[in-house]
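Here subunit A shows up in two complexes: once beside subunit B, once beside subunit C.
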Partner chain A sequence: MKNTIINLKNITKRFKVGDGEFTALNNINLNFQKGEFAGFVGPSGSGKTTLLNIIGSLDSPSEGQALVMGKDVAKLSHRESADLRNYHIGFIFQVYNLLPVYTVYENVEFALLLQNHTKAERHKMVMEALDWVGLTDLADKKPDRISGGEGQRVAIARAMVKRPEILIADEPTANLDAENAHIILKMMKRLNDELNTTFLFSTHDEKVMQYMERIVHLRDGEVEKDSIIVAEKDK
Partner chain B sequence: MIQFLLKGILRDRSRSLLPIIITALGVGLTVLLSGYMKGAFGDVIDQNARFETGHVKIMTQAYAENKDQIPNDLSLLEASKWVETLHTEFAEMQWIQRIKFGGLIDVPDADGNTKAQGPASGMALQLFDTNSGENERMNIEASLVIGTIPEKSGEAIIGHDFAAKLNLKLGDEITFFGSTMNGSMTFKTFVISGTIKFGTSVMDKGALLIDISDAQLMLDMENATGEILGYLKSGVYNEEVVSKITSTFNNKYKNTDEFSPEMFTLREQNNLASMLDYGDVMSGLVIFIFVLAMSIVLWNTGLLGGLRRYQEFGIRLALGEAKSKIYGSMVLESVLIGIIGSALGTVIGLALTYYMQVVGIDISSYLESSSMIMPSIIRAKVTPELFYIGFIPGVLAMVFGTMLAGIGIYKRETATLFKELEV
Partner chain C sequence: MKLALQLAYKNLIGAGLRTWLNVAVLSFAFVIIIFFNGLMDGWNQQAKTDTIAWEIGFGHLRNDAYDPFDPFTLQDGHGKLPNTIENVSPVLIQQGTIYPEGRMVSVLLKGIETSQTVLEIPTDAFIKSTAKIPAIIGNRMAKSANLKVGDEVLLRWRDKNGTFDASNITIVSIFDTTVAGVDAGQIWLPLQTLWEITGLQNEATIAIANKNFVDASLDGWNFENRAVMLKNLDEIIEMKKISSSIMYLLLLAIALLAIFDTQVLSIFRRQKEIGTYIALGMTRAQVVKLFTIEGSLYSILAMIAGCIYGVPLFIYLGKTGIGMPQASQDMGISLADKIYPIVGVQLIVTTILLVTISATIVSFLPAKKISKMNPVLALKGKLQ
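Our next item is the complex of A and B:
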């Protein structure tokens, strides 16, 4: 039996634009279970990133309730939001956003510095995460010495090293060629299966959609369609 | 985390190099200017104390009122008794007598006719009394250009420039013409035992130094003295100690009689109080200006650095670091950078100050017509406070600049900062 770890009730998000308001999300109602591999699909401006920001506790809704890991995002303090991200949520970006002055190892280790692990524990966890993405050989390299595909794999290792329950990936393959995109997606699906992490994507990349088990279509801030793709296969 | 931040600072030169250079420059200049002002004001005070004011000075009230005219007719009588009393009551100080006098120096030729003449500014010191410390205090031996210190009555030292002007050499005779304390005319012949260069224009151009016993005889001042000067035995002027001594002395001995003695501290003479205060104010002002300038520059550097690091802040937010922690780490980084820059600046500042202490700046050409007692070479001085006078403000300026810059980042919405990642 799967558990609901994200529960969005009547989510509306408005932004001030000049003297008026722009409604980015309008009355969104969605639930996500632990271990789902789902994607938000839609054109630019459909509200994908805004929705991911709310789920990631980087922003709060104007109306409605977003419960993530049982916590109401709107009611969390800055520190509580940070703790939620620190212990339960990982992020992967379109651009890998590795810290350029640190090595691959240190980039992954940085995520653990925010938690109370000993140096030995950190070493074990970092090497394990690098092993998941097949990059233990590049641990001492700086980000400018590795390829784009390898950079995104480091970003995955950094997001996964803390073993978060939720991983948010915003257009993760947008900067990758087809071969690397498939490698990355297979890797994420494998981690989803092995660690039972909930993956939430935003994308309009067909390659990404092939891997999704559930696709939520957004248009003008509203849910246009919510499709469970492999649900039948699981039965 | 500190180790992690240090790695970032050391590896990312654009994050650390400019702030370190700015801090080091600011701190170095603060240290140098403070050291230079300390040295310059200290030299002026020290020179005045040694040549003119003592740490304290006792004169009759009447003499004090007209001291610019060197009114020896208003001198303190029974000088030896006063000195004895002072030694007994204020043993922490050394007490010496001095007489200042003015007159004309006449240089005779072989036939006794005047060959050259010039006005002399005379000073009679306890030269024959080796316990007086006047030789060391006035640095006479080291300041002699040629010859020796007078060893017997009738010998005199004159300023080296003065001797050159009058075409005098060692062993030549000169005759001093002046007036006694009673207003009669007096003259006495002296043999030149040496010429001296104090590095003080007013002294080098017209000084005549003789022993006080010769002056007392020549000026009819038996057991009288123009001034009794007191010097703390430590050699260092201490306002608190001398004020206490002065107050005790004046309460006990100063009265309505204009010939009763009055003691003055160094501060109370020759406008030195305003100079001492001016030195303190200038020193404070220099530090304030540099800290302000450094803070403004570092604020801007912090803003630019912060903008450049939005990506990093966004990643750190995404990884679960609280904004307050990011702000705290920025401040911590600034402390580390501030310490590195300030330490570097202090070392540079101290090295430059030491160089200026040894070499100094020659201002003798500006003092040719000056009557102020001022050293002709202004030197900086390395003092213990220079080790922190720039260091602490340097660290504070860096931290203050970063805190100001960081507020802008801190106030931005998390999602806005995070959006910087959407390249």
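Our next item is the complex of A and C:
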């Protein structure tokens, strides 16, 4: 049985631009259930990344309430929002954001270091995560020694190793060729099925949209359309 | 803390050449600071030891009318020591003139007991000598007057009545000392002889105390113990330390500036990394701590690097000493041909604390900017 883990109520986000203000999100109301595989789709400036940042507790709304795992992100202290990200949310970035001085293994292990696991536990979990993305052979390589596709797979392993409830992927295939993009997306879908993690994407890549079970179309900071693809397919 | 140390260490090692350049400069600062302080401490100890052995003994009992910094007091600054006084070696100081090779050289005549052992002055040479008026001089005096052992030189002096008299003296020994205060412009004579030629029988200007001397109030005499007499020396060394510290503080400032610069550049260049740390669940305070520790780790690495080449260097210098140029021997305080640096635990601990705390502070100053960073902008690598 699915339950709501993200509840966005009347979310509005404004940024100061010079003397004026720019409204990036305007009165957004959305709910996401555990295990959803959903994407925010829209042109540049439509508010996709801003919405993901609020859900990821990296930013807070100007108005409205964003409840993530039952916690109001606007009311969290620095430590509480760090804990929320540390234990419940994984991030995948467009340019992977791997830590350059660490090996693939250490990059994946990093997320666990913040959770006080023992070394043996960390080793087991890291190798399992690398196995999910098929990179156990590259564990000792530095990020500058692996390809872009492999780099993004490391980022997925890093995001998934702590088994978060929510995984946020901001344009995860933007820097990948078509073949690698499909590999990455299939991998994420498999993890979504196996681990029941909620995946939220921002994208304007058609390839990504094919895999979505739900697509939220954003335009000028507002929800233009919210489509449940699986439900339509089921019909 | 352990995690921050692990991460900071990895980040530093991963930064490669930039890290090692900073470490090299900082370790150089470490070694130079310790070296100069060690040199000063070595000099201080050598100067004190030599000054005690050659000049001060366990303190001086001075005639009230005598001021060692005023040559005009020599004429009247002497008197008979009380019979009750024990454990001192009297010294009578008078003015005189010698005429080596036809030149006229003013000297201080110092009469000392031939049997004294409290000072290193080789007075046993008087006993062995058969000369009418045997005299002992130091290297500096011998050099300036062009005198050597066996030479006779004309000495003129005034007796207690102010009458000039003159006689040849024979140089029976030339001693080598680092203490200019018993050497430059001075001629040592047997006390008995000086008494006889000046008519100042049983009189003394000062009396050198030995270890058994007990200070008691004596009318007309004033006792200055060893600590008081060394005060001037301490002050001179302290002043020299301060002047040399300017150099090593400049060096330290350069090293700290390099760390500060690296930190500022690092925080500017690694904004995405900072954003990633925060996205992965680190608090801003943890990231500030990480960057601060990275900066202070420079000092730890510098300490290790400094040990690798500094310890053998200090051991070597501690054994062989550092040669001092001949010209520097004539400066105001005792300076040996060689100075052996003393690198003590206190010096090392103080230097480590000074450098580590300074490095931590200059690392924290730019790092605290992270606490105000917007993680979203940091992830985009936007300048904040």
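By our rule, the second predicted complex is superposed on the first by the 231 of 235 C-alpha atoms of A that agree within 3 Å, B and C clash if a C-alpha of one lies under 4 Å from a C-alpha of the other, contacts with A are read in each partner's own complex, and residues count from 1 in each chain.
We adopt the following convention: contacts are C-beta pairs under 8 Å (C-beta built on N, C-alpha and C of every residue); 3 or more make two chains touch, one makes a residue touch a chain.
Worth saying up front: this structure is predicted, and the values here are computed from it rather than measured.
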Exercise. Between subunit B and subunit C, positioned on subunit A by superposition, is the outcome a clash or a fit?
Worked result: clash
Exercise. Which of the two partners, first being subunit B and second being subunit C, lies in contact with A:N53: first, second, both, or neither?
Worked result: both
Exercise. Is A:K16 touching the first partner subunit B, the second partner subunit C, both, or neither of them?
Worked result: neither
For this session: Determine where on subunit A the residues touched by subunit B overlap those touched by subunit C, and list them.
Result: 53, 56, 58-59, 78-79, 82-83, 85-87, 91, 93, 95, 97, 99-102, 106, 110-111, 113-114, 158
Exercise. Across the complex, what residues on subunit A touch subunit B?
Worked result: 49, 53, 56, 58-59, 78-79, 81-87, 89, 91, 93-95, 97, 99-102, 106, 110-111, 113-114, 158, 162, 170
Seminar exercise, completed: Counting only contacts in the complex, subunit B reaches subunit A at residues 1, 4, 7-8, 11-12, 311-312, 314-325, 413-415, 418, 421-423
Seminar exercise, completed: Note: in the complex, subunit C contacts subunit A through residues 3, 6-7, 10-11, 13-15, 272-273, 275-276, 278-286, 374-376, 379
Exercise. Along subunit A, where are the residues that touch subunit C in the complex?
Worked result: 53, 56, 58-59, 78-79, 82-83, 85-87, 91, 93, 95, 97, 99-102, 106, 110-111, 113-115, 158
